[in-house]
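Look for chain A in each of the two complexes below; its partner is chain B in the first and chain C in the second.
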Partner chain A sequence: MATYNLDITKEHCPMTFVKTKIELNKLQKGDILNVKVAEGEPLENIPKSAAEQGFNVLSVEKTETPGIHSIKIEK
Partner chain B sequence: MADNNQAKKLSIIAFSGDFDKLTAVFTLATGAAAVGYEVNLFFTFWGLDAIKIKQGRSPVGKGFLPKVFGIMMGGLKASPVSRLNFFGISPKIFRHLMRKNSVATLEELVEAAKQLNINFYACEMAMHVLGLQKTDFIPEVKDVLGVASFLTLSEGGQTLFI
Partner chain C sequence: MNFTEDQINRYSRHILLQDVGVEGQEKISSGKVLVVGAGGLGAPVALYLAAAGVGTIGVIDGDVVDLSNLQRQIIHFTADVGKPKVISAKEKINRLNPDVRVVTYQALLTSENAQEIIKDYDFVVDGTDNFPVKFLINDACVLAGKPFSHGGILRFEGQTLTYLPEAPCYRCLFHSPPPPNAVPTCSQAGVLGAIAGMLGTIQAAEALKYLTGVGELLTGKLLTFNAKTMNFRTIKTKRSEKCPVCGKNPTITKLIDYEQAVCDISDRKKR
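Coming up: the complex of A and B.
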């Protein structure tokens, strides 16, 4: 089991979703991906679409940087 | 979003070879694929320019007139914007603005579409008219289709014409 990190805070639609999906596709069962996202559409929709695609969204937490959140996703 | 009776499937008829319209095609396609949609792209007429192997202006096609079209229209890198093209300067300005503002360029979106296993199809009739063959296209083009096959593929999902 491995843990990976992805920062999409500087990306815009659709690359926020695209980069997350490409990283999610690389995960093996039990691996974890931490995605750092900005508030707004990515924060609202990345946890939702990951869950819909069968991933476990373990947590969505605020980071020390205002407006930036961390989403922990497990395959 | 798809309702409960509709499959998570998006099919786009990519008719235009314009830079801005192709950007819309690939933005919608990659965004949908990234959130779990099955995505079918059906390239027809000028849209076929987007999937040519030769991305610049090149005499692709069988016969004199198709070759002239090939040179005049070119491929992905020669695509004009639909308004205020200014003899091809505008697409360069757009690419610059997209990079400057951290927005994916058309080429990056096409690469993302390939990575997300989006289905690329080419229109048999338009290929015939323009003298193009499957070997003129990028290898990601899965098949050459007609209307009936496209309707079967897109059935139950959402369809757009761009």
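Coming up: the complex of A and C.
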């Protein structure tokens, strides 16, 4: 199991989840993707969409940068 | 397959779909679909398949664009009148999506060329306007084990079914072509332009479902609709043991060219 990082803080809906899906698609089952997202729409929608499409959302945490969160998703 | 940033953006609404995703878009992008007829049905079929990014789209049609086509054949524009339909179609497909490779056949599909042409494709779409070629497509696809979508429209009505090997074929339901001139064609009876779009987009969706493996196809079913009432019906169909092409004792083992209705031929020669 490996851990990967993705920064979608500069993307807008729906490209935020498109980019997340593309990255998850490259991973093996059990791998972890840490997605860095901005507050607001992506923070609300990425965990919801990921869960809906069968991925395991492990945690949503604040980062040291104000307004930026990290979502841990398991494939 | 590695999509570019532009392709990710272009196909983002497919990638977002759980059932399609990146893998499904890869299947679409490497798919090969033959559209028989660049007319009322073939126009929306070719445009939606092009928009979806189908890797190779083959278009076969022997006609040139006529002013009377433009009421429903939305891939052709006023300035295209007089131009071969396959050229006009190829130009629009390329403008819509340069990712698509377009193969044109400026000819009629016949018993001579059908098998050679369809063998290069994953899926065939019948967008023709006459029974002889509809039966020819069915027979060629059944004999080659090739999936295809049958479609037909007249006046306010449309019908479609999707054939897969071992499933009921068009001939299981409609044994043989009606006698020439028994059923009027669109050019005699008229057709509401928008129903070409209604049926053609169903056929395009079936082709994309086949390529991606998503959902259930209209296999073993016949979908019919009447735009006057907007009633849609799906009838279950069964394989016929007496089917002359896929039944127990098939009498059709090679392709046949049926006689075209006289008015159709004279209509074509006029152009």
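In this text, the second predicted complex is superposed on the first by the 75 of 75 C-alpha atoms of A that agree within 3 Å, B and C clash if a C-alpha of one lies under 4 Å from a C-alpha of the other, contacts with A are read in each partner's own complex, and residues count from 1 in each chain.
In this text, a contact is a pair of C-beta atoms (placed from the backbone, for glycine too) under 8 Å apart; a residue touches a chain by one contact, two chains touch by 3 or more.
Keep in mind that what you see is a predicted model, and the values were worked out from it rather than measured.
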First (chain B), second (chain C), both or neither touched by A:Q53: both
Contacts of A:N45 with chain B and chain C, given as first, second, both or neither: first
Partner, of chain C and chain B, that touches more residues belonging to chain A: B
Which superposed partner A:I22 touches (first chain B, second chain C, both, neither): both
Which superposed partner A:A2 touches (first chain B, second chain C, both, neither): neither
Which of chain B and chain C A:K10 touches, first, second, both or neither: first
Chain B and chain C footprints on chain A, overlapping residues: 14-15, 17-18, 21-22, 52-53
Chain C residues within the chain A interface of the complex: 3, 8-9, 12-13, 15-16, 18, 21-23
Residue numbers on chain A that touch chain C, as the complex places them: 14-15, 17-19, 21-22, 25, 52-54
List of chain B residues in touch with chain A within their complex: 27-28, 30-31, 33-36, 101-104, 108-109, 112, 115-116
Touching residues (chain side chain A, partner chain B) in the complex: 10-15, 17-18, 20-22, 45, 49, 52-53
